[in-house]
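Shared chain: chain A. Partners: chain B in the first complex, chain C in the second.
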Partner chain A sequence: MNPVLHSKRPKPWRMISLGVFALVGLASAAAMGLTLTDLVPRESGARTGKAFLGAALSPALEHTNWVPDDAPSFLSSILQATKRTLLIAFAALGLALAAALPLALLASERTWSGSSSPFSKILPRATRILITLLRSVHEYLLALLFLAALGLTPGAGVLALALPAAGVLAKVFAELIDEVEPGQFLALEGLGASRPSAVLFGTLPRALPDLAAYTFYRLECALRGSFILGFFGFPTLGLGLRLAFEEGDYPTVWTHLYALIILMVVFELSSAAMRRRLKA
Partner chain B sequence: MKPEPRNQRIKELHSQRPRSFGLRLGGILMAGLVFYSLISPSLHLQTLFALERRSNLHRFLTQDLLPQSVQRDGSGLTGWLAWAWSVLQERALLASAQTLGLALVAIVIAAGTAALLATLAAREDFPQKPSRPTESRGDAASDAGPSLTPAGARKRAAPGPGEGGQHALIGRGLRLGFGLTRSLPEYLLAFLLVALLPHTAWPAVLALALHNGGILGRLFTETLENVPAGPSTSLRSIGAGAASTTLLARWPEAFTRALSLTFYRFETCVRDATVLGMVGIGSIGYLVVEARARQDVPEQFLLVLCGATIVLISDLLSRIVRRRLRVA
Partner chain C sequence: MKPPPACRLDQVSLSLGDRTILQSISLEVGRGEQVAILGPSGAGKTTLLRMLSAGLPPSQGGVRVLDQNPWQLKRNGLRRLRSKIGFVHQDHALVPNLRVWQNVAVGRLGRPGNLGHIRRLTLASPSELRDLHEVLEQVGIADLLFQRTADLSGGEQQRVAIARSLYQQPALLLADEPVASVDPARAQQVMDLLLDLADSRDIPLVISMHDLELARRNMSRLIGLRNGRVLFDSTPGEVSESTIKELYALASQENEAP
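On to the complex of A and B.
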């Protein structure tokens, strides 16, 4: 063993941090009374699980409950719920995007680098605080608050999804904008372009593929969020799933699950294809 | 007027710029859907500004948010603070601790499992370029890669003749698994698991751990594949096998970044843990639905503030640790 190299090896903080990490996990598990035996389903749980999994291959294709004669057919009501899930997600992401771009430009270091105006200290900091606050409240908590404030209207769900999404988008956008190499930006500034136009035409275009790729990813998140909003009464796919599950109507649950899975797979594949083209 | 040759050149370059029909179609489709959703009659978003909503909102802001006791004796902010402190002591502080506990257990399970599986999923062959591609990017952004399509499949040309078929198959399977567990919402997983498992916090922990394990698995795999090739090449050259190369050369190089990624996911874990209690597990979310059932809006509001505070604190902690790690 080379004694010089050995003395220069990294200090044992890795092992220590791993140990602390595992200990903290074990300690909190113990504090919360989590035991391994509780991981095994009891009798009733096992029965539910069996019934649930047993229905996986036979999803419901028509109403299993009594419905009025003039009610739309089961599959068309699933389609309608899917449509509403999509619409809420798209509306939320559209609003979030509209808010996130200006916020990101305000929070980016590039916009303010070397500026001596009094705003250059306060504005980016204030924007970053606003962004952090937007992200800090979970969308489902917001959804419940908005339900109380506005009543059950799709707009409440859209707002609940849009506000945190705007925060996350703005944070990541600002990071991505700051990572663009400053070549074109400096060139434009050297030619006498104003700061806003140097950022808009020298930096933003180069960040655009990354911004778009991240937006696609957030769209998937918005879609998941929109699905879950149904659990709180919004008329998306989640609503039908929850009601059916509580009735023990597992075939209907599976129809909703398959609708979600198809939606997610189609989205993942198309957004992966788009991202591949963007990066190329 | 004849165009000058310089303009000609610009036009030429303009016509040669990379274009993709699919991308344009996708972009237009996306923009169209956003526009349609904003004006669509099935969402009728304009009703948000209807008179009835406004009066609802007015009542919410002026009356609903204040607890009855405070309204009655008109004690204002001090009264609210006293009431808030009593609720905190009674149950909200405990629930906050439970929320943090959920996130901690989940992230430890997720990171442990992900580290094991990533070791199996990481490809053996060495990266061609002296790579550093994921280093400078924002951590959050590195979450954005494709997941159902195996990451890195495009980077490589045809697989080398020596590449073990079985190992590649395991890697592919694991990557697909990472993608699948990520694409299901963790709230849905928790909701389904509550019905199966005995009444403990496990459903929420498992749901969080599955979702984040998938994401961390993918990120760890990429990190392991992108470490500088030096140490593993030299270990290989003196006859070390695959297992010892990964353990002794790749992991030490990847460790700091893996830890940083874990802390980044921890922030998200805490955020998600605040709502997972809604499926019926002691934590902030549970108290929120309980307060909602009692139509206790002031308490709901206080709990939302509580949740935000936990998220902000863990954000701050994680940011400090990650900055340290970047320096180390």
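On to the complex of A and C.
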């Protein structure tokens, strides 16, 4: 009996389990009684949809309902809401990043490899539990909770976005750090560097472009999240969109959507440029 | 009184699982010696170098490096000992997306200081940059100080790795296969560089390599390693052709055995 043939035999479990998962999905849809005809809009829905799409080419550029004479112009209020959307997203992601980097380093296996101190068992585990807790509650549920606890303040919105973002960033950062080959880390330990500085200067720099790319992606998520916070009453672009939608004021809805789209496009272009510079 | 040797191995063996990597090796490397470790791939050359650099504890036997037993030291003591040992890795072990000066500056991470290290590696002072420039000058690539390391050629990267070891101000210099992947003319250049640097600092140099002729021409002592055992340990003149044949031929025979 050849031990190599037995030890390295590839197992097809992954492919099979993916297929089983897809079958479970189809079965769930069937259990709900979902059919293809459900995807065709009803008559009233079709009418609303047509009105909504029809407004796409004529977004509102002025207030559509009555406002006091000293109220800011429509476009400047859109700009204000855009600015608040941006500020909440940036503040949330800044806080999340500041928390995620140390958490990721504490949770990383590399940081503790070969350590015999009692902390090396407890600290990474405790950190991973904290990270899981941070990620476990969705940002919109947190928004409701902070809204109740702190009131309708920017801080409540920022915290609601920042906590889960910190958890996700820390989890992904730790994984990216542990994916870096250990060669440089070991070489630095070999010339007397402490474990933290070997991670900091041997491992972290190699992971940095990936960390930055992922951070940009989370910033994009935070921007969309900040928009949606408006649905809960926070004064971001989402608030104006929700109010207009409730009144069936589709031209105003479209103005808010265009503001979001422009925001995302500008953000995507600038983050792509930054990522290119980091990779180069 | 005779000064203590830079390294001493006493009946050192190493096994990983059921594989024996080194078998009862005893040798001393004196101050100022220039030693080549020869042998076929898989003979244990890299492992032997790691033993000499206090990078790997033996399964059995005694190790003394720079007159200390590394494996009785506390963590900080081991770090201080390692900070005095320069090791040029075969793959250079540089961080490609750091600048050249940063890859050299990490050579002093073994010295005390935590926040100071972060400062030194992000914002080097003018005098530190002068030191880094000087070390790079000694390996002939001072003009690459601010280049991104990944943009350098393989030969230049090797010089950065050598500069990093020199920046440690080592008491012992080890190099793992520094001429394994360069053409003969360049190989002699690299040997000259390493020998000059070791000579001018009066520190022992231990190099693992394959090229017997190159070793004979340059080194004062040759150690033949085969299957984790020392086959010979003598001056270049004493190593006969038949011994060399044995070093490589026997090993290849044993590798082919089922």
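The rule is simple: the second predicted complex is superposed on the first by the 256 of 280 C-alpha atoms of A that agree within 3 Å, B and C clash if a C-alpha of one lies under 4 Å from a C-alpha of the other, contacts with A are read in each partner's own complex, and residues count from 1 in each chain.
Everything below uses one rule, namely that a contact is a pair of C-beta atoms (placed from the backbone, for glycine too) under 8 Å apart; a residue touches a chain by one contact, two chains touch by 3 or more.
The structure presented is a predicted model; accordingly, all values stated were derived computationally and were not measured.
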* Structure fact -> So, after the overlay on chain A, do chain B and chain C clash or fit? They clash
* Touching partner for A:Leu208 - first (chain B), second (chain C), both, neither -> second
* Asked: With the two structures laid over each other on chain A, which partner does A:Ile122 touch: chain B (first), chain C (second), both, or neither?
  -> neither
* Thinking of the overlay built on chain A, is A:Gly183 touched by chain B (first), by chain C (second), by both, or by neither? -> second
* Now for A:Leu191: first (chain B), second (chain C), both, or neither, which partner does it touch? -> second
* To do: Please indicate which partner A:Phe21 is in contact with in the superposed arrangement: first for chain B, second for chain C, both, or neither.
  => first
* Given the touch rule stated above, what does A:Trp13 touch, chain B (first), chain C (second), both, or neither? -> first
* Where does A:Thr132 make contact in the superposed view: on chain B (first), on chain C (second), on both, or on neither? -> first
* Asked: For A:Leu93, is the partner it touches chain B (first), chain C (second), both, or none of the two (neither)?
  -> first
* Per-residue contact with chain A, leading partner among chain C and chain B -> B
* In the complex, go through chain A and note every residue touching chain C. => 183-184, 186-194, 196-198, 200-202, 205-206, 208-209
* Structure fact -> chain A partner, complex, touching residues on chain C are 53, 55, 78-87, 89, 91, 93-98, 102, 106-107, 109-111, 114, 117-118, 121, 164-165, 168
* **Of all residues in chain A, those that touch chain B in their complex** => 10, 13-14, 17, 21-22, 24-26, 28-29, 31-35, 38-39, 41-42, 45-46, 48-49, 52, 80, 83-84, 86-88, 90-91, 93-95, 97, 132-133, 135-138, 140-142, 144-145, 148-151, 153-156, 158-159, 168, 171-172, 175-176, 179, 210, 212-214, 216-217, 219-220, 224-225, 227-228, 231, 238, 241-242, 245, 260-261, 264-265, 268-278, 280
* **Complex contact set, residues of chain B against chain A** => 18, 20, 22-23, 26-27, 30, 33-38, 40, 42-45, 47-48, 52-53, 56-57, 60-61, 64, 98, 100-102, 104-105, 107-109, 111-112, 136-138, 140-141, 143-149, 154, 179, 183-185, 187-188, 191-192, 195-198, 200-202, 205, 252, 255, 259, 271-272, 274-275, 278, 285, 288-289, 292, 297, 300-301, 303-304, 307-308, 311-312, 315, 328
